[in-house]
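Below are two complexes that have chain A in common, paired first with chain B and then with chain C.
Then we have the complex of A and B:
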């Protein structure tokens, strides 16, 4: 008897816990938008910047009277960079918060993982993911990617590296979709004849990368290219250093942030890294720095935070343009406000809203890039930049518009 | 809201099946299994691949996933014949990781890190999209019920008593003439069978699986469910799985009502809170919410 009482009260308590939000749900008049960012886990170094950008844009628009005469209600969830958790968070955003868009997903597995749910609920997705499968899986044309697909990264980095006159390479990549397809793009440009051996993949989270590194530099290549994430690249690089490799080490800039530099110290000098960067001279990027309270250091800051600003801005501008939150109309309006010649260029959401209300055609140019979309919702026109670490600082050696 | 509750109910169902299977293996028979994520992945990928790559009907693929889990469970138990329980923990943890790494690296078959898309769903053609989530919840509920009845039947049967005897002291059980090895292998295989079932149901529900889903943390959620619910008590396990899901998901709503913390701090706070709730639960109910009933002989 004692047990059944406990059980009953527990069930009642849990039911009550789940029911409470229904009572306090947001007002119907608000436009609900979901932000699903990697605040912990593999994307942890980048998620908080995206989260903060989303909130800043939403707050600014609300303070100026909202969109379509309605306030923005932003619901922020943590994807934990894990598709299993992210799907449940997306479930909550879609079914409970009734969001019209889920923006800010980072890892491709998360973007793809929540896509079946988003597509069946007709919800716009905005991401910075790189998998070439994203446009294929997006059957309804509701996904907009604010980052170039990773084969493009590989090709751009290869083009930048080739102009340095390096002739032979050894390649190994972290085994995930992002880094693998980047390696394919790189090989496409340098050609298989420039490789001293077959490229291979390594798995994340190993305690040692000794055998992988030994294999990588066995034939003394002039340069090694290692598409990776920061945690594993740090371990891989330490091993390269320990084994006395003297050639050029090339990777992506995501792996060589402050965390890497402070861990490796002076040994980091000479590492070459590249990635798509905001146009540093763009007014939108400068505005972003002010909004985020950053100093203009001349080097790239918040590569994903800038994309977060652009996601929220583009979404809100498109809603205003479409005159509705209906996903098909908003998706069409996203092209209208970002892509196309002969329109008024705007660098922030406030100017954009004012121009749309004045009946003008606009082209939003963002903090992360000029933001033009191809027919599949992929971003075009990003700058790529190659840097070298010298005295613990990134020194830009080359830029390229792609 | 009701759509969300239906969806969470479905997830609780997956947790319940996994937790009941773990309870059979560990709660009743005392065999540690840290490789739950591997069994879960096995079920998900066997069923997913059969449907997505070979066009096998879902109705055959799900049973095939169960059989795969059964075989894997039996094989792991046989492998560890000579091992003590604590070593079995390491072996199962290893098996879980091996399966995940195979799925990750054999990308010609499994699509590797790109993730496997599965369009086929049980009765997907017959039931409209409006009613489908509710149908799937019912399907999962029926599977939970079957798992529960089987586990409960084993627990009450002579086999359950033997398993508990093996759990307490396998030498004594052996001396009493019980076939310890056969019981262990069989129990692990049955547990594997249900974990395979849970994996297959999960795969056809989310329709997009990738190796990152099957990280060892999944095993931790299931262990939490069993420990919070009360190891050895199948009804407790059902409550434990529900409680853990309420902790995991219920804490999400805090952020919707408070602006005290920004979203970044809130997401870290949520995970801390989940840990805190678990500690409080176990401090108040050290043997779980519904402890295993003491075995007692009826006095006449």
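Then we have the complex of A and C:
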């Protein structure tokens, strides 16, 4: 085939060539942020709320002109609450989309799984994970956790159940870092003298939990505490019920969602469960309800969606404060905009951006909690709530305010 | 403890018998049983919860579905590969179980489910706590053991099954149609895996890994009893059930999952043919 070029096509080609860098420049100007959330799998009930929050904050900021004069480009990936899927997604976000941060990871295994890639690419991570290994693995100080670590869960749940007058306990935990360290926190508060026997661990995926349950209730404890995940807790609870245990059964709220309730039916009544919740009285939480189109029912809604709003807000405020998307500078600015006394308190990203641009020092107080970080990037405290399943519904029985 | 062990045994004896029967005919350890059991559990769930059938009917329908799936897998996957070595087929069966699990995850998600049947408090008998559900599992397991014995010992097809397992060529010379007998065996075994799925759904929870979690105890029971010997599998199931329950008296519970592996390793070292198997002479 003969190739010929007319003056017209030369002109068109040259114009196109000149246009291309302009398009590329426009793309470079956007700030790319990865939202990696558990939209299916174990975190499935929470992931879509987190995703929606990330998008709402980014859209609102874009509509108001963006951050550092640049638009936010959000790349959404589903982690399936599975570390292998998450690592593949993180790979794509880092090498193809060139994101500055990956936010929204939920389970500790996912947060830890993607951490080596994020650290080597100098990318900020924001998560709601509870493993005590997270601050240890974060060598560059780029990880910010919007969830208290699991020993804090254990201590808070123990404080709440102690005030119910329960005196002796038997403990059994799923054998992983999250639940083991939660059990340690629980024991720290109730004291070893309140335990009727040595606490022990079981593995997930067993072909039966009969002997473990027999051992757990052998000394007829007043209450049993079982830090666990929904799959193993459901099997363990069925066995507890079938072995006729009538004392109090205490676990974490992540194990007692709709899947648990529909699987065990009416037998679920009486189970006590606790976990960190948003500060219901905070102005930011009330703003969140309006943004998400929810009625204020006085009870906890979207426990992780609120954290999603705070992650994106804090990240964008820190970028504006740092005046760059460079990760080390942004990480430092995250402390500046969230932690410390004597600053102007802001409850949403718009007010925060306005204050920063006016040269004010700010302290962002979020919908999930007041958001103050310790030196390792862990949130200092959250409210906790204890609920009891009554007639198939969660009824709040106590709240511990941070 | 004895009662706990009995329930464990009742849960793993029928699939261990089926595993042994399949091995007898096909001459390779079929690890796809995990996937087959999961198919049984989810089929019964579909008939029981979304379609509203009573559990016994749903269980029967699930047995039919699983029988069909196991036969189809045999025809589509293992039959075209029968010239390959047992090791190749074993690896293929592991791949098959992963595929089945993931297909189920695709349609049903990884959520935990249960049958439409209320949990019951136990009866207390001589210090043991027994629920009606567990008694049913034990009774059904016994009925299946006896029925399978009668089928193998007293019927023409049972004799043909044993003949094909023993020496397919000799059986063919005597006019036994090995293809039909193999199809029948895979379907019977499929029905047993389906029923195990129902029992596992009752005892544990219905989720995509429910079958895989039972695979090692089933395999251990079949090896212990002498792979290829269905009666040995019953004794093997009892011993594995007892060993798993007794472990917790001496060792932390986290080691329980390894009991099946230890039994397999010790037996392969000391008595590779199992308790009731016959030593094979290879020339």
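Note that the second predicted complex is superposed on the first by the 360 of 402 C-alpha atoms of A that agree within 3 Å, B and C clash if a C-alpha of one lies under 4 Å from a C-alpha of the other, contacts with A are read in each partner's own complex, and residues count from 1 in each chain.
Definition applied: a residue touches a chain if its C-beta (ideal position, glycine included) is under 8 Å from a C-beta of that chain, and two chains touch if they have at least 3 such contacts.
For clarity, every value in this text was computed on a predicted model and none was experimentally measured.
Shared-chain residue A:201: touches chain B and chain C both. In the superposed model, A:262 lies in contact with chain C only, and not with chain B.
In the superposed model, B is the one of chain B and chain C that contacts more residues of chain A. In the superposition on chain A, contact of A:40 is made with both chain B and chain C. By the document's definition of touching, of the two partners only chain B reaches A:91; chain C does not. In the superposition on chain A, contact of A:164 is made with neither chain B nor chain C.
Once chain A of one complex is fitted onto chain A of the other, the partner contacts of A:76 are limited to chain B, with no touch recorded for chain C. Once chain A of one complex is fitted onto chain A of the other, the partner contacts of A:48 are limited to chain B, with no touch recorded for chain C. Of the two partner chains, chain C is the only one touched by A:210; chain B is not. Within the superposed three-chain model, A:140 lies out of touch with both chain B and chain C [touch as defined at top].
Overlap of the chain B and chain C interfaces on chain A: residues 40, 175, 201, 203. Per the touch definition, chain A reaches chain C in the complex via residues 40-42, 44, 175, 200-203, 205-212, 214-215, 230-231, 234-235, 238, 241-244, 259-260, 262-267.
Touching chain B in their complex are the following residues of chain A: 3, 6-7, 10-11, 14, 17-18, 20-22, 24-25, 35, 37, 39-40, 47-48, 51-52, 55, 75-78, 80, 82-84, 87-89, 91-92, 94-97, 107-109, 112-113, 115-116, 120, 131, 133, 137, 175-177, 180, 201, 203.
Listed in rising order, the residues of chain C touching chain A in the complex are 1, 4, 7-8, 11-12, 109-114, 118-122, 124, 129, 131, 133-134, 203-205, 207, 209, 212-214, 216-217, 244-245, 247-248, 252-254, 256-257. Listing the residues of chain B that touch chain A in their complex gives 1-5, 7-8, 11, 101, 104-105, 112-115, 117, 129, 206-208, 210, 212-213, 215, 217-218, 239, 242-243, 246, 248-250, 252-253, 255-257, 262-264, 266-268, 270-271, 289-290.
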